[in-house]
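Both complexes below contain chain A, partnered by chain B and then by chain C.
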Partner chain A sequence: MKVTVQQQQLAHGVNIVSRAVTSRSSLAVLSNILLKTDNGRLRLSATNLELGISAWIGAKVQEEGGLTVPGRTFVDMVSNLPNEEVTLTVDDRTQTLNVKCGTLNTDIKGISAEEFPPMPSPDLDNAIALNIENFKEQIQQVVFAASTDDSRPSLMGVHMTFDGNTLEMAATDGYRISIAKSEMAQKVPQNFEALVPARALAELSRIAVNGDESVYMTFPQGRGQVIFHMNDAELVSQLIEGSFPNYGAIIPPSFKTRTVLSTAQLLKACKQTEIIAREGSYIAKLDIQPEVDGEQSSLLEISARSEQTGSSEVMVDASVDGVPLLISFNIRYLREALEVIKTPTVSLETNAVHTPGMLRPVGDDHFSHIIMPINTAR
Partner chain B sequence: MERKIIHLDLDAFFCSVEELLDPTLKGKAFAVGGSPSGRGVITSASYAARLHGVRSAMPTREALHLLPDLILVRSGFRHYSEYSKKVMDILRDTSPIVEAVSIDEAFLDVSDMPQPIGSIALDLQKRVMDETGLPCSLGCATSRLVAKMANDFGKKQVKSGRSPQKITVVEPGKEEEFLAPLDIQALWGVGPKTAAHLRQRGITTIGRLAALSDADIRIFFGKHGESMRRRARGIDHTPIYPESSDPKSVSNEITFHEDQDDEGNLLKILRGLSEKVGSRLRKAELAGSVVQIKIRYSDFSTYTRQTSIKECTNLDQNIYEEAQNLFLKHWSRGRAVRLLGVGVTNLDKPHRQLGLFDDDGAKKEDLTKAVDDLRDRFGKDIIKRADTLKGKNR
Partner chain C sequence: MRIHKLSDTIASQIAAGEVVDRPVSVVKELIENAIDAGADEIRTDIRLAGKELIRVSDNGIGIPADELELAVSRHATSKLSRTDDLFDIKTLGFRGEALASIGSVSHLTIISKLDGVDAGARLSVDGGDNSTVSLVAAPTGTEILVEDLFYNVPARLKFLRKDITESRQITGLITRYAMAYPKIRWTLTQNNIVDFQSTGSGDRFEILQTLFGTQEAKSLMPISFKDRNLAIEGYISDLTLTRSNRKDITLFVNGRWVQDASLTAAVIRAYNTMLMVGRYPVAVLFLEIPTHLVDVNVHPSKAEVRFREQEDVFSGVQRAIRRGLLAYTPVPDLASLNLWGRTKPSDVGDMRFDNHWQAMETSTETEQVQKRLAGPASQQQTLPGTYLPLLRLVGQVASTYLIAEGPDGLYLIDQHAAHERVLFDQMMAQYHASMTPSQQLVEPLTVDLSPEKAGTLEENLEILVGLGFDIENFGANTFLIRAIPTIIDRGDPREAILSVVEAFEEDETPLLNEAQARIAARVCKRMAVKGGQSLSEAEQRNLLLNLEASQSPRTCPHGRPTMIHLSAGLLERQFGRRGAR
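Let's look at the complex of A and B:
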């Protein structure tokens, strides 16, 4: 193989795929990045068998071929090259990659490209096209709620439901659940569900470039995988086996109290409270006070107390419709949900001290977030 | 301002409680302690038994050798802590500054009271006797060091075979004079080794220690020389710390009669300890997020290991699961264990993040509460986990 590429493009491509490089693996080739000529472009790939990422960059191909080189070495090397042309030459006999850029001339020992696990190619004719910008936003609205606990693998995924022309995504760690809906340009031929690792979607939203282009999603038959295809990049992930909880059943049909607040004010109050609450298991008390005729206007008081740090109280103007309630939540859960709500006002709906509360953007029914309270009373 | 400090010590506390529970023991040579088989030791000896040389911390076997008629009793720690609490409540009623240093010993700062210290002590002694029936001795001085030493000294003067009920007052300004004739080992900070060194140099009393030159005192105590001299002169400014009512940790440990090396047995014991810790946490309305275990092997090498959990807990099963994991990870399999302990720290008010999909946690809480209720009403053995039962009972 012999190709010439621009350093900036090479660095961009290497940066995209490096997140799938395994740092510790019994299979040495998984610590490597694959470089391979592909229809007049240079393809870079990395995989940890769960997640695989490929990126294509423009190249002058003088000789076809490929090699895998140690990921860390190559990432560090490329990021320190001057912004000039880089010539990459593989010596097939010694399995060595020669890198020439400016006055630098480096040889990196590699492993044959043959040993790199084959990456499946997407069947683009039957792919679901999703608008990148909308899809990225939808991902960001749910991924943070997914579990990071290996012992509950099905909660480490984002549940995707394709129904006609709507896509509903949901993620939960067992204590809160984020649900985001969107409309697709086309109907799916057949309704179906998939459980995609939250990590894969987080990576996708990182590498997908905004614009009017689409991301194409395909599920290769019988492989338990999903492929996301974009013009210059592709991401392959194993799907999670196992069942996602039936979350429709836990959404309360009605609420006793509806509190409407300024999203920005509530978010600020949560951030202030979290400074104290993070030292005390993130517990914050929410005192929801409806208007008392002629005596007091309705408001929400958020307080936290920590044995070590101290205590904090903050009032937020609110319009409260319903009964008063003193309820405790993990303040981080509230803050993280508010951070993905874009509307100027938000509603918090509640019933009782041990039943879930729901946050929804006012005037936008595409998103809802349900949080279980903390039981502090004994 | 000159301080007024009282040191109170309940006379042969465990034995006095036993006498209250069973008045026929009064005046007899008896002791509270472990069984003579295995590693049992005397916890407390009655004054009649002390006349025969029986001392606390002496192996029970040895005590019975000295005094074959020695009566052994053990009514249980619950009674002792009940009585101890009654006494401490009386002390706290007298002064807000009370530091309980053990179950039968406390310091009081009564500087704010106008009466002479000796009469405060006399009133206390009478009140403790009237309200609990327990005899006590008191030492009174201007510092905790001298108050404690005065009490120890006073009690030793009584050799009647009955509880001393002694009050010893060291008047302000007489501290150095009081300490001077006492044996050096009576002074805090002088261990047996240092005492032996000092004696070789002819320094047998605290008075001689106080008179040492700066250079000499540094030879024995290094950088602590100056503070040792102050102590020897009866100067001590350590305040009395009223204990906070919030414990920092709750733990329970057990030393075996015979070393244990069987995994199944050790795990059963670990479960029992976890249950005790859980029960105490729930009584105190506390929960903790760090679980620790302590393993002491036959050679006395001791290991403490701990793990953090996401949420505060006070549930037996959660504590046991963490303790079990720690134990199995750190125990050298098959190595004989002498002592095993379980503790929970990082205490806080109990709270639990409720789950969206499972009611597992709520069920565990309900079960634990039901078990606690049963044990409160019928004793702790009314209900047990099946796997803690011995083979024949299963």
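Let's look at the complex of A and C:
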């Protein structure tokens, strides 16, 4: 193989795929990055068998071929090259990659490209096209609620439901659920569901640059995988097997109290409270007070106490429609949900101490977030 | 063979002792008789943990009317005659003592009918005195009623455990025999409620599922082994299913349930380094050995055995298990369990990398048991309030230890043990303050347990609620978890519950005021971060901070060290900066 590429592009591509490189694998080739000529471009790939990422960059191809080289070494080297043309030459006999850039001339020992696990290729004819910008936002609205604890693997996934031309995504760590909906340009031929690792989606939204219009999603037959295809990059992930909570049944059909607040004010109050609450398992009390005629206007009071640090109370203006309620939540859950709400006002809906609360952006029914309460009295 | 009195010589050779010391031992003798009688249906009814009533009915060969009196007299049996037979025992009973013993401490009634005979016969014994035999209508087989057990020996009654414990032992006994004799239809009722039932289909796995719950039974794999003088059948756990004690290693030799420490040890050794320190496999093994190579006449309860060729048996057991493990476990997994970068953090528990520690832990096992008996409270008194100095975090090594610097040297901290301590302190503080906030779950989680375990959990439900769990019995042996203590912020809540039922088998009679501490310690151990989990810098810092706040930061609630301190002096000496001059 002999190709010439731009350092900046190479660094960008390497940076994208490096997230799938494993450092702790018994298979040496999994800590390597694959370099391979591919239809007049240079393809870079890395995989840890659960997640695989490829990136394509423009190249002057003088000789076809490929090699895998140690990921860490290559990443460090490429990022320290001057912003000039880089010539990459593989010596097939010695399995060595020669890197020439400016006055630099380096040889890196590699492993044959043959040993790199084959990555499935997408069947683009039957792909689902998703608008990148919308999809990225949708991902961002749910991934944070997924579990990062591998003791319950199915909660580490984002549940995707394709129904006609709507895509609903949901994630939960067992204590809160984030649900985001979007409309797709086209209907899916058949409704279906998939459980995609949250980590893969988080990586995807990092890779997917808004330069592209769409990301194409395909499910290669019988492999239990999903492929996300973009112009210059591709991400392959194992799907998660296992059942996801039937979250539709958890959303209360109606609420007794609806509290509408300024998103920014509430977020600020949550952040202030969290400083104290984090010492005590993040418990915060929400005192929802409807207007009392002629005496007091409606408001929400958030308070927290901690043995070590002290206590905190903060009032937020609110319009409360319903009955008064004193309910406890994990303040971090509230804060994290508010951080992905874009509308200026937000509603908090509640029923009673032992039933879930729901946050929704006012005037946007694409997002809802359910938080299970904390029982403090017994 | 007719029932007859054993000669005095044989009688004197039989391991002497009282076999009937609690309800479960009565049940054992009675079902063994039923099995010896060739029954394929055995029903056991229990009332009030066996103190009010034990009734075992079978459809076996029955006892002739004219032999009933003999059956209840001492050293009368139909199963053994010459001395030689003692070394070649093929039946479960042979001592001819059980019915006599039971008759002397209860109101015993026997109703029995032979096949092909019109009427059955009935005999009652009251504290040793027989009534006359009368004729009654009865189905073919034998029914034995034991009422008011120990009514005339109040001392025995006093030594019985709590009813639920006694009942659970009976359930444990019947379910185990049901596994050994899967072709028999077993029914067990306690206080008129069916507690266990098997179909008699001959399928052992079906019974295993009842005994271990469907979830756990999935981790049990069948093994089968045959050698010159030894055949083994049964099920063993893969590496994902382990226990904190040996109680779930069940061994049958020639159809007899034995509780034999050295045979159990052989099973554990077969797993060798594959399990973590302090974790034990689950196994149900049925050994068949030519009867002349086994001596069951060691102990009155017949629960111990001696093998003529002991080494052969032990090594056979080990080979059988190894072979099973290798067949079902992909080889790279076995190897990777000993690596630093382990693949499944949830499996590693408190595995230690340091061989020295490992050796220390096993060799001082008795010491640890003693410590454990002393309980966490007294432990803390021997290590008086020694707060840690302020520590500066240096970092995490091997995803298992934290390194910190203090004014007086270096601290190497075991993240699992340290987190265990921190959780435990918080949980107990909340418990004592009656302030135990609990986080509700999005979806209640169900836990399926064996009847035995369900009993244990039921007994401790109140404590769990006090610690911040919202958990309730959801019928039969299923429990629903609705909320968990807020301080537990990782892991599978079901594991917390399982840790409680496992743990309690280890020490069944904790002092009451220590029970919460004991349960809390188990839960915290299970839910603490494990070795092998990488922690964010914030998490590491937080752990240190909380440990500094603890009054006994140097040990986990189970008494293991949380840290090693390398003093500045020690470091200087080791590096030859001082003293070597």
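Note that the second predicted complex is superposed on the first by the 376 of 378 C-alpha atoms of A that agree within 3 Å, B and C clash if a C-alpha of one lies under 4 Å from a C-alpha of the other, contacts with A are read in each partner's own complex, and residues count from 1 in each chain.
One rule holds in what follows: a contact is a pair of C-beta atoms (placed from the backbone, for glycine too) under 8 Å apart; a residue touches a chain by one contact, two chains touch by 3 or more.
This one's a predicted model, so the numbers in the text were calculated from it and none came from an experiment.
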Joint occupancy of chain A by chain B and chain C, clash or fit: clash
Partner touching more residues of chain A, whether chain B or chain C: C
Touched partner set for A:283, first chain B, second chain C, both or neither: both
Contacts of A:151 with chain B and chain C, given as first, second, both or neither: second
Partner chain in contact with A:376 - chain B first, chain C second, else both or neither: both
Partner chain(s) touched by A:172 [first = chain B, second = chain C, both, neither]: both
Chain A residues contacted in one complex by chain B, in the other by chain C: 172, 174-177, 245, 247, 250, 281, 283, 328, 330, 354, 356, 370, 372-376, 378
Chain A - residues contacting chain B, complex: 172, 174-177, 245, 247, 250, 280-281, 283, 307, 328, 330, 354, 356, 370, 372-376, 378
Interface residues, chain B side, partner chain A - complex: 285, 289, 311-312, 348-358
Touching residues (chain side chain C, partner chain A) in the complex: 332, 335-336, 339-341, 344-346, 435-443, 465, 470, 483, 486-487, 489-493, 495, 549
Chain A - residues contacting chain C, complex: 24-26, 149-152, 172, 174-177, 245-247, 250, 281-283, 308, 328, 330, 354, 356, 370, 372-376, 378
